[in-house]
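Each of the next two complexes has subunit A plus one other chain: subunit B in the first, subunit C in the second.
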Partner chain A sequence: MAVTETTEVRSSALGLRLERHVDWMIIIILILIIGAASGFTLAVTMGDWEYWVDWKDRRFWPLVPPVLMMIFPAAVLGITWTKLRIPFGATFAVFSYTLLKWVSLYFNFNVFAGFPMSMVWQSTFIPLAILLDATIVITGSVFITGFVGAFLWGVLMYPVNWVMLAGFHEPILYNGELVTAADLMGFEYIRTGLPEYVRMIERSTLRSFADTVVPLTAVFAGFLCVLVFYVSWAAGTFLCRQTWVKKV
Partner chain B sequence: MALRTFISRTARPLAIAAVALLTLSLFTVAQIGPAFAHGERAQTANLRMRTINWYDTEVSPKQVAVGDEMVIRGRFETSKYWPEHVPSVTGRVYLNVGAAGPKFIKIKSTINGKSMFQSSQLELGKHYEYEIILKARVPGRFHLHPVLNVLDSGALIGPGYWVDTTGSFADFSNTVETMFGRTIDLETFNLDIIYSWHALWFVMALAWLGFWGRKSPLLIQSLRRVRQKEEAGEDPDTLISPMEKKVAVGFMVVTLMIIGAGFQWAEARHPVTTPLRTAKMDVDPLPLPDPNIIIEYGGATYRIPGRSFQAEFSVTNNGPSPVRIGEFLTANLRFINSAVRNVQPADSHDLVASDGLRIEGGPVPPGETRKLKMFAEDALWETYRLTTMINDPDSIVAGLVFFYGDDGSREIVEIGGPMIPVFE
Partner chain C sequence: MSVEALSGTTPAEQLASKRADVPGMNWSKVGWTFAIIALVYGAHRVYMQQMAFTVGLDYFEPEFQIYWMPLFWAQVVVGGLAFFGVNGYLWMTREKNPEAVTPRDELGRYFGLLLWVFSFAVILGVLGSFATESDAAWHQVTIRDTDFTPTHIGLFYFALPALIIAAVGLFMYAKTRLPQHADKYLVPLGIALSGPILILPTVGYNEWGHTFFYAEELFGAPVHWGFAFLGLALLAVGGVVVHILARMGSLIQEIQDEAKV
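Now for the complex of A and B:
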């Protein structure tokens, strides 16, 4: 009897240790997979806005990156919430992406290509992801999380990153022309295949709403983020319904 | 036990696969060598011969130290035979440099004296004078080209020259003063803020992840708990405790406060900012005198076995002195008539055939019209993949003919038209 109990205790302790090992193994693998997958997807869809400081404008930068960035965090949050009730999916996805992106930026753009890091830094989405995760904890509602959390994601992307960008938009008089530090870096640091006109940035248009650009873009980005959140959430929860998960 | 067996069975293959992948990656990285060309031979002959004719290109000095300035200057003609299907410089064009990354920084660039900080648009069949001032940034030996990026067409590359840079990258700085008197070094500008801001949010992310990952083991246990709740018909949301909700509220409040404070701090630090610049510069062609030379193109052939390009044309000289053809330039290849000029390649990759041009028909006296036959013959046709012009669907070629007068004058005329290949 005593032998059986000891065996059970040992077995239980061994099981817990194994489960902890499995946790770490899965977490490390997921960091690499989610970071690499989202990094690749986002590089081919919004890459330039996230590489170059002279692409971070008032119209497309607050719109394209947050909307596309929403895809993986919403899907991962959908999985971790519905299957595990662990509300860190969005933060985990963004954390993985950001970590690997810094490695990529440093080696690809700074070490190999020779661009200064001040020209090729990335935006941060971590606070937006925390807000998204926190919303679902507080409300317990996917609908409200999409409506509030995802909307905040789109709206707040610009103010979150303005801390890093503002200095690059300080005016400089250069050879008799008004430019910004970001423009000047784009001009000076030679990119043979990336001429000035290729940049997809704000051009002058007829505007209303007292000449505002960023607030309108941010609100529009918020609406799109809400839509993308629901679609990605649904895709994530659908794609994680493998039968082997039930057997664990 | 099954799980343990699974792990023990998969661990070794996974480790072997990881080591193999790492070895392959290191081997691949070790094979990477420097690039010595910028695709100047890659474009079709048709595109190179009928778009931008670069001439008088000059790079000086060709040996600099890190931090020193150098100049690329010269002229180009925008071909009037520009292929109709290729978007041209009449759309949007940007003066650039063909280089292996930012080994230099571009201090200033002009076309006909107008700043080319932004892109511009040009006219076809006109001549322009450009100048690009560079500052050496990284030591090494580099091949530099002037380049015109043309919207929807790509980079049209000019002749390249080797440049040697000495010194150390550590000595390079790139300071500039803002309109508010702040002196900044663009090499490292704002990096302290960028890194600090990212670090702060990394800490917040780790705190959030750590809080929810504090229950260990996490994943399988959580999966089981949710499954049990669902099977019992209970709401899995009850797995979230009131304390955890309070912590989430705390994180939300702190996050919003940091975002607000950060934004206010940035606004206070940089009260005046301007959007990115997108103006388009206007530039007029070079004002050149009326031409004295009038050419009537009579056709051309390209004899493949002899790498011999022949063109016939009648030349009318309305100038004051006899003129002779000294050079034919197409696709950055320079065929020199050694009887008129002595031009030697500046370096190993300078595309000059010093004795590659022969003219039948002699000088053209003032006021006369003569039929001339021009032979441009050199292995450069082959080396620079221009023999592929026989594959072009429209078989039209073009280039610049340089006439030199006995009085030292020079006149440049573009010829162009159909070309017939000779296969025998």
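Now for the complex of A and C:
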């Protein structure tokens, strides 16, 4: 009996050791894959809106990045919540994306191409991801998480980034023209085709909706985020079904 | 009569012997895999840092033909040899009798699969983050002349083939070593690995589009949206992870039960 008890205890330790090996490998692998896959997808869809400081306008920046950024956190949360009951899938996805994105921005845009880091910083989504995860922990409901958490993700994107952005919207009188600090940086660092596009966007917003562009955009982004959350959640959970086929 | 007297060893020694047979993750292999990939890409990156803006701005300059095109051709040759070498080796050393694989061996092979997935993940990290956005940064400060730019040589003809080799190697490893995969295909694995492979036609479309109707390089432009398939296909990695966790959990349980007997 004594021998059996000892063996049981030790074999549990053996199982625990092997499971720890698997866990650590999976965590490292997922950070790399989610970070790279989301970074790549977002680079070729929202791309420039995410990091150029002079692209952080009031009409498209609060709309395009939060809506597209919702894809991976929602899908990862869908998988981790339904299969593993892990409630921080969205935060994990955003953390992975943020980690690789910062390294890439530093080495590529700063070290390689010579742009100052203050010009190419990425938006933060971590507070929004915590909010999304907290909603599912508190409610336990996918429907409410999409309806409330995803809506807040879109609505609050501008405020949570405002602390970092506010300084770049300080007005500067430059050669008789009133520009923001971000605009001035954009004009000083010439890029292939960016400034005219951004000016076009800003001009169209000046006379729109009595200058309440950001709240309007934020609410619209919130609605789109709700839609993208449900679609991505469904895609994530569908793609992790254990389907086998005999022939291809 | 005691157990020690019957077997000649103590229960602790018997258990230690059993533990020694049980495979775990070989962390030195993990470290070496990461170090080799980081070293190779790091060397490529240092070369790009030094040579891209000095002798890489114009394909039609003689310097470009000296410093960049030989690198391109070397990558094509090494990539081709690596693809056939790796997959040929995996096929030639395949498991001939999958039914006879013991749970301990199968568990060891799943740790091998994890090493392949890790290699794939590190190369994907290189491609999806560093290599892609080095191209984004390059295009913001230079005008495209041909399809051969220093960052394209690093991205489309180095990092992307490396990812395809890792993806196909991963698939071949699972197919030739793991009993569950011997006579059937796991759909999420197929979807996840189709992303890197199907990105090749997207590269073709991208280059064709930039040549004929869209010279600018705004990364969020519609001509680039096809690339998103790579990232979206990788959502299916969730299904692969679920499969690995479920099967390895089951094998660990079997080995634990075996150790209790």
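Rule of thumb we're sticking to: the second predicted complex is superposed on the first by the 219 of 248 C-alpha atoms of A that agree within 3 Å, B and C clash if a C-alpha of one lies under 4 Å from a C-alpha of the other, contacts with A are read in each partner's own complex, and residues count from 1 in each chain.
Methods note: a residue touches a chain if its C-beta (ideal position, glycine included) is under 8 Å from a C-beta of that chain, and two chains touch if they have at least 3 such contacts.
All figures in this text were calculated on a predicted structure; none of them were measured in a lab.
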Notebook entry, point to check: With both structures lined up on subunit A, is it a clash or a fit for subunit B and subunit C?
Noted result: clash
Check: Which partner does A:F107 contact after superposing on A: first (subunit B), second (subunit C), both, neither?
Finding: second
Check: Of the partners subunit B and subunit C, which touch A:F115 in the superposed model: first, second, both, neither?
Finding: both
Item checked: Which partner, subunit B or subunit C, touches more subunit A residues -> B
Margin query: Once chain A of both complexes is superposed, is A:T192 in touch with subunit B (first), subunit C (second), both, or neither?
Written below: both
Notebook entry, point to check: Thinking of the overlay built on chain A, is A:A75 touched by subunit B (first), by subunit C (second), by both, or by neither?
Noted result: second
Notebook entry, point to check: Does the superposition put A:A235 against subunit B (first), subunit C (second), both, or neither?
Noted result: second
Next item on the list: Go through the superposed model and pick first if A:L18 touches only subunit B, second if only subunit C, both, or neither.
Entry: both
Notebook entry, point to check: Both subunit B and subunit C contact which residues of subunit A?
Noted result: 14-15, 18-19, 21-22, 26, 83-84, 113-115, 191-193, 197, 245-246, 248
Notebook entry, point to check: Along subunit B, where are the residues that touch subunit A in the complex?
Noted result: 3-4, 7, 38, 92, 94, 96-99, 101-108, 115, 117-119, 137-138, 147, 149, 151, 155, 174, 176-180, 182, 184, 186-191, 193-194, 197-198, 201-202, 204-206, 208-209, 212-213, 216-223, 225-227, 236-237, 239-240, 244-245, 248-249, 251-252, 255-256, 258-260, 262-263, 265-267, 269-270, 272-278
Margin query: Under the stated contact criterion, what part of subunit C meets subunit A in this complex?
Written below: 3, 11-12, 15, 18-19, 22, 24-25, 30, 45, 48-49, 52, 107, 111, 114, 117-118, 120-122, 124-125, 127-130, 132-134, 136-143, 183-188, 190-191, 216-221, 224-225, 227-228, 230-232, 234-239, 241-246, 248-249, 252-253, 255-256, 259-260
Note to self: Per the contact definition, I'd like the list of subunit A residues that touch subunit B in the complex.
What the structure shows: 14-16, 18-23, 26-27, 54, 56-58, 82-88, 91-92, 94-95, 98, 102, 113-119, 121, 124, 126-127, 129-131, 133-135, 137-138, 140, 156, 159-160, 162-164, 166-185, 187-193, 195-199, 201-204, 213, 245-246, 248
Next item on the list: Over in the complex, which subunit A residues touch subunit C? Could you list them?
Entry: 3-4, 6-8, 10-12, 14-15, 17-19, 21-22, 24-26, 28-30, 32-33, 35-49, 64, 71-72, 75-76, 79, 83-84, 100-101, 103-105, 107-109, 111-115, 191-194, 197, 235-236, 239-246, 248
